[in-house]
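Next up: some structures, all given as structure tokens.
In the two complexes below, subunit A is the common chain; its partner is subunit B in one and subunit C in the other.
Entry: the complex of A and B
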């Protein structure tokens, strides 16, 4: 979304000192950003064309072989599928839940500020701490299973981190625990930007609550929902800290994510060229998604005047 | 929403499903009408609070009393798990490292980003929007993408095992978000103020330093708070840069402690709790800045 300049400063004459000011003011931020954020991505593209351990000179040029190897590796496709699974579950469960809670908090009742503060709290707790905490609580003899035993729900107990078929579900639960409050806060801000008159008019016209939600709230919330979805995709693709703090990709690579897989190969196994190829693929996935998002979603949003977030 | 507006107006709400106070309604009736809302709120809150409570109370349990136990409260209160950590110089060095790295990151990102956002907001020049778009591109991909070559680069520059090796990349990665939050704020300051300052003999930098920055304190607070929370919780970059245990920040310290003392759950959870406390306290103080920064930044991104 573009931001309307509230007050555009008047154009001014360009003197040499004016140009020097512009350069001088921009230089530190631009330099840091170009050298430490954009340059590494370009380097990743270059490194990905070599068989390289990260230490010796770059001599063993192998073209696109690293990419071919990646797609032929079931570990890579496995990691990718775990990332996509988190994305899918986020869209199907986490964001609807965040929306529900945002609707809940947009009502007027005593105590809702307290609830909002509590719901958002996990966002400020680091992924590492969150991971370690839940890794212990969800051990086979950890608190969760013991609670289930003590209330007679023995059938629900699991080896949450060790069972191949549930480990990614457990991971998703921990991720949602930490991040649902973030999406909820975004959507709550979006809800409060919906003009109240629209809703009042609809209710006067005899619109039911569900109809109002379906035909007014959701469409007007569209831009915020899509930002939330976009951030959730980016976040899911770079999952690392939580994986490191819990399973380290195990058992038998059943909870590898792309970022963890890249770290594992690039640094621990010193296959820097292959790791860089994974990084480039991650970049392409994000960038591709961003382009599709820009092309199909953003242009629509700009058209809807009531849905823009200006000022 | 700008970064200054109150993030959530607690006095207003959507009209739907608001229990209306009628004069006839008794106090008990009002209470009853709120009851379902409170029940939902308490149910969701308990999902968040109960795991945290286990971390806090498990830290007071005896070794071996944490596993195989559903009880939240310890049978016998042990203070040595927390005590040993609080009296350990290693723990405090990690706290200090986290604080120093956090402050350096915030200082660097706020200075650089506000200078850049000022130019991008208030000076007209060819290529301005290109530079701005270049910065916004940083939000389109995760930092993990750049991390391997970044590690090589830092190693070449001799910045591994150096606090700057963490501070510089962290500042660089938070540059896009910070500039995106600051620019509209700087744009909203009326041009009349600038004209008046110029007439009174203020230079461009003088206007930036003496007028714009003081007026932008709320936005600067927002971006500082976001940067410090990010730095406090950061793990991936410190993990690559700090091989030397003396330089570890808290997340690295907790992580390493938990892999070294695998069976000692009570101590791990005591450490986890202690490293959580600063972030939670900070959140209590700066909730408004965190929330308004995230919503402004993301909604506008």
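Entry: the complex of A and C
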């Protein structure tokens, strides 16, 4: 903890030339950030208060009506529920699976590197390519159903993208395929940072494999796991590319996500005001989650970050 | 440990906020038109364009003029026909330069929307008329060409010309117009013991039973694209209520009518027979519906004049079902108020941007001349709207479509084009519920009424 005391810089007196230098170096980044990040957010908030098709002048001010419409729309709440479903399934299935694989691949055995590359490969492929690939594989007469037929598992064949009750499960499967490798690599890196001495000491003390995993690996992997969960949740909330490349939210909006819903209503239907409202809601949901998560979950890992109390 | 922490901080600080903001910024930065994908005008491959002599109608002015023209005929023969027409015109008018930008359908819609937001629409551009054109006119982005077109307006099919008029002002002219009807596989109909094409909706339902009994998929449809089903629903509402009733529903936004519910009920009678190909709810138009027809795997589809070409290009053989392809007009509904010749149709045209020079309209006149119009017909690029060019439509099926266009006393432009993009998408959405079995006919009418009330 003595390191921490050193890490906090003492306030220094700046000379005028020093300040000018700071400003000079900061200006380009600050300007870009203002114009490309903050300004569009402010614009989106402003547009969201209008009934606007993107072409005509902004004259039809309707207050918060767009937000009221969104929450009254079963399509919006449906899209939100699909996002939450992906969040839940990611945490329950995708991360544990990635952890299991990371544990397996952190052991020494021949061909380990090959396996790492193979499992990481899906993450390197673009979302759209992944989407189109699985859209074709999972057609009613596609490769997956044909394999199921050929091995006599006729009962398991489905219209994967067309069956209202199956489509989100299919979507989650594709997302997991795409991203488990990324989380696996994160966790693998985390595992390699666990000091071997701790594990050795535990084993000498007669610690079982499960006990070692439960009481040494998981706690020491904590910081990495928390980041992995954070990225997974944010990713699930912003899901767009794969939905666009596969179902376009269909059939009958059963695979809509917030981002696709925003695109569909804002851009395709030219309801830019309403679409902006959805964008603002998405931003608030993601930003709110990020703040709360950083404050209460990640704060123990990143001491001194903006979200902790100062002074 | 330190390494892990620093990496994580970097991830959170750099990566996450950017991606968060990206969601919000998308709407603010990117402006895209992307109106509902209704017409997919695709032309069948055919003869290359012969060169033609342009019609000189105005004395060329000395000052050099540039016409910006955006079209979406990315493939042949359209691409060459437009290029040779532009070359011929500029050869006769040396002071005029025509800059052609060829864009893919969706990219075109995005780029057009952006250019309009900037207040600089191209001089000439692809249009389907109807609601999208109306909103462009309301925004002051189009040029009123009523007076300029008046001297030669009588050379254009009046019904088709009307689609590019809004509040009694002309904003563009058509170059292609057709009808939606049933395209069917004659061999499969014969195999199922059907001797004549159905004249009434009940006969069609009976034929569906016969086809199913013969182990044939009766009907190919693209559930994912929604609009093919919407056209079926529109036709049945039109047949039940008639043209006046349908026009009233579109104008007042009150769809809670007997005709609307009766139309939906008729659709449901078909859907309940499960006539569609496996996986129809996730099928797209070209690779799903048209491919099923082109490969002889389904007996019929309800589609516009471009169907034969799209069936061919999406079939495994690349040739479609050839002479087995037949056409019949949408059947009548017993007891319905709509006439048997009333139709749902639409086509392609060119709208005129607000800054277009007079030469741009003169060039439209040239595009409308028999010289270019006959090429459009001969190449199966579309069904020209120029009066007196019917003779160059040689395909017997397309001749039937053309005859239907001539006979129709009432033509409803595709509903998702006739209305605003938002309204069109709402109609597509609502009717899709009928095919997925998630909405009743009454709920469909209510959903459209609710969507209309918002505007």
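Convention: the second predicted complex is superposed on the first by the 271 of 311 C-alpha atoms of A that agree within 3 Å, B and C clash if a C-alpha of one lies under 4 Å from a C-alpha of the other, contacts with A are read in each partner's own complex, and residues count from 1 in each chain.
By our rule, a residue touches a chain if its C-beta (ideal position, glycine included) is under 8 Å from a C-beta of that chain, and two chains touch if they have at least 3 such contacts.
All values reported here derive from a predicted model rather than from experimental measurement.
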Which superposed partner A:169 touches (first subunit B, second subunit C, both, neither): neither
Partner chain(s) touched by A:53 [first = subunit B, second = subunit C, both, neither]: second
Partner chain in contact with A:156 - subunit B first, subunit C second, else both or neither: neither
Contacts of A:201 with subunit B and subunit C, given as first, second, both or neither: neither
Which of subunit B and subunit C A:122 touches, first, second, both or neither: first
First (subunit B), second (subunit C), both or neither touched by A:247: second
Which of subunit B and subunit C A:227 touches, first, second, both or neither: both
Contacts of A:20 with subunit B and subunit C, given as first, second, both or neither: neither
Subunit A residues touched by each partner, larger count belonging to subunit B or subunit C: B
Touched partner set for A:276, first subunit B, second subunit C, both or neither: both
Subunit A residues contacted in one complex by subunit B, in the other by subunit C: 36-37, 39-41, 43-44, 47, 54, 139, 141, 189-190, 193, 223-224, 227, 231, 234, 238, 259, 262-263, 266-267, 272, 275-276, 279-280, 282-283, 286-287, 290
Touch list for subunit B against partner subunit A, complex: 1-2, 7-10, 12-19, 34, 37-38, 40-41, 44-45, 47-49, 51-52, 54-55, 58, 66-70, 108, 111-113, 115-116, 118-125, 131, 134-135, 137-138, 140-153, 168-169, 171-173, 175-176, 179, 183-184, 187-191, 194, 204-205, 229, 232-236, 239-240, 251, 254-255, 258, 265, 268-269, 272, 275-276, 279-280, 282-283, 287, 290-291, 294-295, 298-301
Subunit C partner contacts - residues on subunit A that touch it in the complex: 36-37, 39-41, 43-44, 47, 53-56, 69, 139-141, 159, 161-164, 167, 189-190, 193, 223-224, 227, 230-231, 234, 238, 247-248, 250-253, 259, 262-272, 275-276, 279-280, 282-283, 286-287, 290, 294, 298, 301-302, 305
Touch list for subunit A against partner subunit B, complex: 1, 3, 5-12, 14, 18-19, 21-22, 25-26, 28-30, 32-33, 35-41, 43-44, 47, 54, 101, 104, 106-113, 115-129, 132-137, 139, 141-143, 146-147, 149-150, 177, 182, 185-186, 188-194, 196, 199-200, 203, 209, 212, 223-224, 227-228, 231, 234-235, 237-238, 240-241, 244-245, 258-259, 262-263, 266-267, 272, 275-276, 279-280, 282-283, 286-287, 290, 309, 311
Partner subunit A, residues of subunit C touching it in the complex: 1, 3-5, 7-9, 11-12, 16-36, 113, 116-117, 135-136, 138-139, 141, 223-224, 226, 278-283, 420-422, 425-426, 429, 432-433, 436, 438, 454
